[in-house]
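First chain A sits with chain B, and in the next complex the same chain sits with chain C.
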Partner chain A sequence: MIQVEVTVNGEARSAEVEPRLLLVHFLRDVCRLRATNVGCDTTSCGACTVLLDGVSVKSCTVLAAQADGHEVATVEGLAREGELHPVQAAFRAEHGLQCGFCTPGMVMASVGLLQANPHPTEEEIRIGLEGNLCRCTGYHNIVRAVLAAAEAEA
Partner chain B sequence: MIPAPFEYLRAHDVAHALDLLREHGDEAKLLAGGHSLLPMMKLRLARPTVLIDIAELADLDYVRVDGDTLAVGALATHARVGEAELVRAEAPLIAHSASLIGDPQVRHRGTIGGSLAHADPAADLPMAVLAAGATLVLEGPAGRREVDADDFFTGFFTTALEPDEILVEIRLPRRAGEPWGYEKFVRRSNDWAIVGVATVAGRVALANMGSAPLRAAETERALAAGAGIDAAAELAAENTDPVSDLHADPAYRRHLARVLVARALSSAPG
Partner chain C sequence: MQPRGSILGTRVQRVEDPQLLTRGGVYTDDLVDDALASAVHVSFVRSPIAHARITSIDLTALRAAPGFVAAFTAEDLALPGARPMLATIDERFTRPILAAGTVRYVGEPVAIVVTEGYYQAEDVGELVDIEYDPLPPVVDPLAAGRDEVLLFPDVGTNTVCEFLPEHRDEQLFENCEVVVSSEIVNQRVAPAPLETRAAAASWGSDDRLTMWLPNQGAQTSQRALAALLGLDISRLRIVTPDVGGAFGAKFGADPEHAAVAWVARELARPARWSEQRYDNMLAMTHGRAQLQTVTIGGDRDGKLRAYRLDVVQDCGAYPAIGALLPSLTRMMAPGTYRFERVESAARCVVTNTTPIGAYRGAGRPEATAAVERAVDLFAAEIGMDPADVRRRNLLPAFAEPQENGSGALYDSGDYPAALELALSAAGYDDLRREQAERRERGDVRLLGIGLASYVEITGGGDEAGAPSENALIEVHPDGTATILTGTSPHGQGHATAWAMLASDELGIPIELITVRHGDTDLVPEGGGTGGSRSLQQGGAAVQQAARELADIARLRAADMLEANPDDLRIDRDRAAITVAGSPHVAVTLAELAGVERLFVRTVFTAPGATFPFGAHVAVVEVDTETGRPTLLRLISVDDAGVVLNPLLADGQRHGGLAQGAAQALFEEMVYDDDGNPLTATFADYAFPSAAELPMFQLETMETPTTYNPLGAKGLGEAGTIGSTPAVQNAVIDAVAHLGVRHIDMPTTSRRIWEAIQTATTNAEGRL
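Up next is the complex of A and B:
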């Protein structure tokens, strides 16, 4: 067992964990933050996307041990005082989700995308979300939501 | 899916990582971005009992000009290699190659050193550094040595790295303004090349046309002798040994190699 300390949504979380514990399981089972989903478990679908030191990563392919001493942001940490984050609000307004399974990862990937590129074109959004699969929406409304969020944040 | 148990050690600098490698020998594997190693460990295709995490070796995360060479530290991520102005200006083929790897999340974690050490014949950067004529700097207990990319990839997922060595630097000839070409044939987004082609300065390298990234030597010879693009590209699949998988059989891969080499040579953005 090893001791890890990870700042999750601004809060220091420390725990004794097995070195093989994946970050996604650290978040779900140790921190009890269950929004981040496991879809494929093989680095393909992006459902497990969180921000690690501000950039998007697939938390099924990062060890909790690798995140030791670093900062993680999950979708639970986005809303401020009951107000949805602009990306969350835009996903809702533009119907950027149906079943919602991909949504936490999709939202975090979008937040990361907009931090790096606050005014993306539609094509840049499609390429920027290449690592996130959605089985329901056909993507159009997701892309619309990210465009709307970019406008709202401007 | 979770990996089998292992011991996790974090190295502070290259000397520390080398000490840990020596101490733990064959049991140990270096962990950089973990985006090849962790998926393999989940599938039990790799089962190291000790992981030496080198991701925090700040002394290997850099991009800098060194005379007529662009030096890239082994821990530079694909995102950094793809986006750094210096790489885009001085080694645009390498920047372009890194920017096509997987998806943004993969590029935020994966490192150039990890990709080259992993030596997947279908991967982007191994083919790109081969075309670029890079030199790889390896550090071991006896010090540093340099290996040409041509001699680094020795076979299927195997390289000239000794078990007690670390790939520390990738040295790229500066090629600002020189035309280059890159073709990556895929059927799905964020996938590896079914066949890939990288070309610059008369060198032509192929991905997924054999057990290791290859030079299209006959094409290069024809170009050097003054042949036109189409005639040279016709020779692209000579001396290749492509695999058969669910994407393509060897005959189709040879066809792709010829077509993609012609495209890469004629596109040559610069």
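Up next is the complex of A and C:
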């Protein structure tokens, strides 16, 4: 067992964990933040996407131990004082989610994408979200939501 | 037209979204419940071999492993197994919960491992020692049909059931100037919802089971699970958490679900299961998997006369819903066309592969793919534009129900209008000009334009007869309301849509309306969500319940206000009953509910299934040097009658279009000759991302049905049904001038490139 301390959504969380514990399971089972989902076992689907020190990562492919001393942001920490983050608001307005399972990861990937490229083209969004799979929306409204969020944040 | 001020037909944002966007849905694996405290973790050891005898199972090494709780094999379980779904199928095709003696596909569960934690399951599962004596596998359904290798030697055949015409017409194509025939593969695909299968089971002190289950209809799951466990349904409660997509594959209950319930009882501890993606790809049912032979005949002037469809349905190792799919395919065989004669037959066989179940469209996309490919083959043979062949042969518009010559009664439709709308929205003539220019210039990147006209069946009845659904609405003294529905949303937005319907009748704001579903104690009856049935039956039931509730409220208000009920009106601005002409005299629904509970439960019954229709146009670019296809545009007309919420309707269409296009271009569950699945992870399976798909161009067309007061038909599967053949036809169209007539799905770069090479070589040979 090893001791890790991770700042999650601005709050310090420490625990003694198995060295092999994945960050996604640290978030879900240690921190009890269960918005972040696991959709595959090959780092393909992106349902587990969170921000690690501001950069989007797939938390199924990061060990909790690797996050020791770092900052993690999940979708639970995105809204401020009851106000949806522009990306969340755009996903709602554009109907960028249906079953909701890919949504937390998709939203965090979009936040990461817009931080790196605040004014992406449609093609840049499509390529930027290539690692996040959605089975419900056909991506049409997800892409529109990210375009709208970029517009709103401008 | 809806009355002015109605929210019906408007883009209402979803009430579901704030939770899903901020705290996430509560899916089965997320559940926190006292009844599940200290639950054990269930996992399955699955067969790595497609066909084998199990010679020994050794569980001794597990017992000392950290976290080990228990392990079980088929010998431990005294459960009846999953019987075939059709009474006409030999009962010896029954599927055991765990493989007993023989494994019949890679992924079949052989042993249950129970551990304290889920990481330990990985460690402990590896210690299970199973020895297999391999048997020859049969993977190809045609080979299976020859019965040289038998999955069930006792039965003596791999053919599960056959559907034949009453009498085979040997003269079917007698008066046709041109007859074209082709074999078409409608390949096996994986439903692949983002949430895999899961379950949580807890037996109460009253020996009653509560089962949390991601599903598409709790009541259907309750019956299926009760049958698997040999329980009376009164001893089984299903609760439906949020469901992360289903696409047809989460109806009913699977053997693994029964195993989880059994473990919880055996160990007297709550039990949970959440499968990994690899297990899901191997063991959740797959979809489609038909080999089709189409034969189409007509005249050189473009008139179609006769059509025959022969289907071999691969059911996988055990006949599940897969054995039912060809009936729908046969019923919808002639599609939107006026043939003089139609004939179809189907044979269902078992193979050493994952069982086949429902996947978005379930039997109807297969019918549309076959006939739309056949029409294009006919058009190519006679050298006519495929749009013109369709124009010549589509059924004319009709408002009265009409037989399709294949066992379906189409309720209403205007197929020519849908086609013309799609063609004009696409700019069809301009596209053809551009295509010709590129060909003349010798461009490396060729343009392909593909069409599909489709009609499908939605909201059909069951064995019990006419399609129906129930709804209950209660208004509470605090002014809020609750709706209970027998439908089961998993992304479709029923909480929003049903609230809109009730709000429109009663004036209660949708934010104050809670929609509940999926708990069999709360909603004992219901047909769930599948077959695109929910709005036309479940939504119609909600509207009917709201109207009945308003009537009751008027009668009660009449007593209270000492007024004639005929003089009372519902005031939707105040959710109140008022006296006509004296709006200051009013009693709110909430006040009425304070006096006496105010609720209605009602059942809406439809006269029959509805037949939404449409037309899709796909535009692709094919790189002739690499064979790579790129989907540039997908234009859809999906007429599902009157639309309740365009936001939700468009979302359903987008998702369906993407899945349909993905079948045409990318997706296939591939097995090698030994029955080893080669695409059992998301790294191997060609699940499309945003980078592979374009924006979709949706056109609006609404032809109401008279089968329900909403005028609505089903829309959930429509996108999937037309888009697959439209995209496939577009790919073939791009290289048709080279002599290519057909390329099977998925139309991968390699297949396209090979088709170009073959056609070019043949052309050179002819010179």
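General remarks:
Just so it is clear, the second predicted complex is superposed on the first by the 154 of 154 C-alpha atoms of A that agree within 3 Å, B and C clash if a C-alpha of one lies under 4 Å from a C-alpha of the other, contacts with A are read in each partner's own complex, and residues count from 1 in each chain.
To be clear about the criterion, a contact is a pair of C-beta atoms (placed from the backbone, for glycine too) under 8 Å apart; a residue touches a chain by one contact, two chains touch by 3 or more.
Computed from a predicted structure; not experimentally measured.
Of the two partner chains placed by superposition, chain B and chain C are both touched by A:Arg20. With both structures placed on the common chain, the touch criterion links A:Asp41 to chain B and to chain C. In the overlay built on the shared chain, the residue A:Thr49 is in contact with chain B alone; chain C does not reach it.
Look at A:Glu122: by the touch rule set out above, it reaches chain C but stays clear of chain B. In the superposition on chain A, A:Val107 makes contact with chain C only, not with chain B.
Once the two structures are overlaid, the count of chain A residues touched is higher for C than for its counterpart among chain B and chain C.
With both structures placed on the common chain, the touch criterion links A:Thr137 to chain C but leaves chain B unconnected.
Shared-chain residue A:Ala65: touches chain B; no touch with chain C.
Residues 18, 20-21, 41-44, 130-132 of chain A lie at the contact with chain B in one complex and at the contact with chain C in the other.
Remark: chain C residues 13-14, 16-18, 20-27, 30, 32, 119, 192-196, 242-245, 247, 276-278, 490-493, 647-648, 650-651, 654-659, 681-683, 687, 689-691, 693, 695-696, 719 touch chain A in the complex.
The residues of chain A lying in touch with chain B in their complex are 2, 18-22, 25, 41-44, 46, 49, 52, 55-58, 61-63, 65-66, 68, 109, 112-113, 128, 130-132.
On chain B, the positions that touch chain A within their shared complex are 1-8, 10, 31, 34-35, 38-39, 42, 51, 53, 55, 79, 102-106, 108-109, 189-190.
Interface residues of chain A facing chain C in the complex, by the touch rule stated above, are 18, 20-21, 28, 32, 34-37, 39-45, 47, 75-76, 78-79, 84, 88, 91-93, 95, 97-104, 107, 122, 125-127, 129-143.
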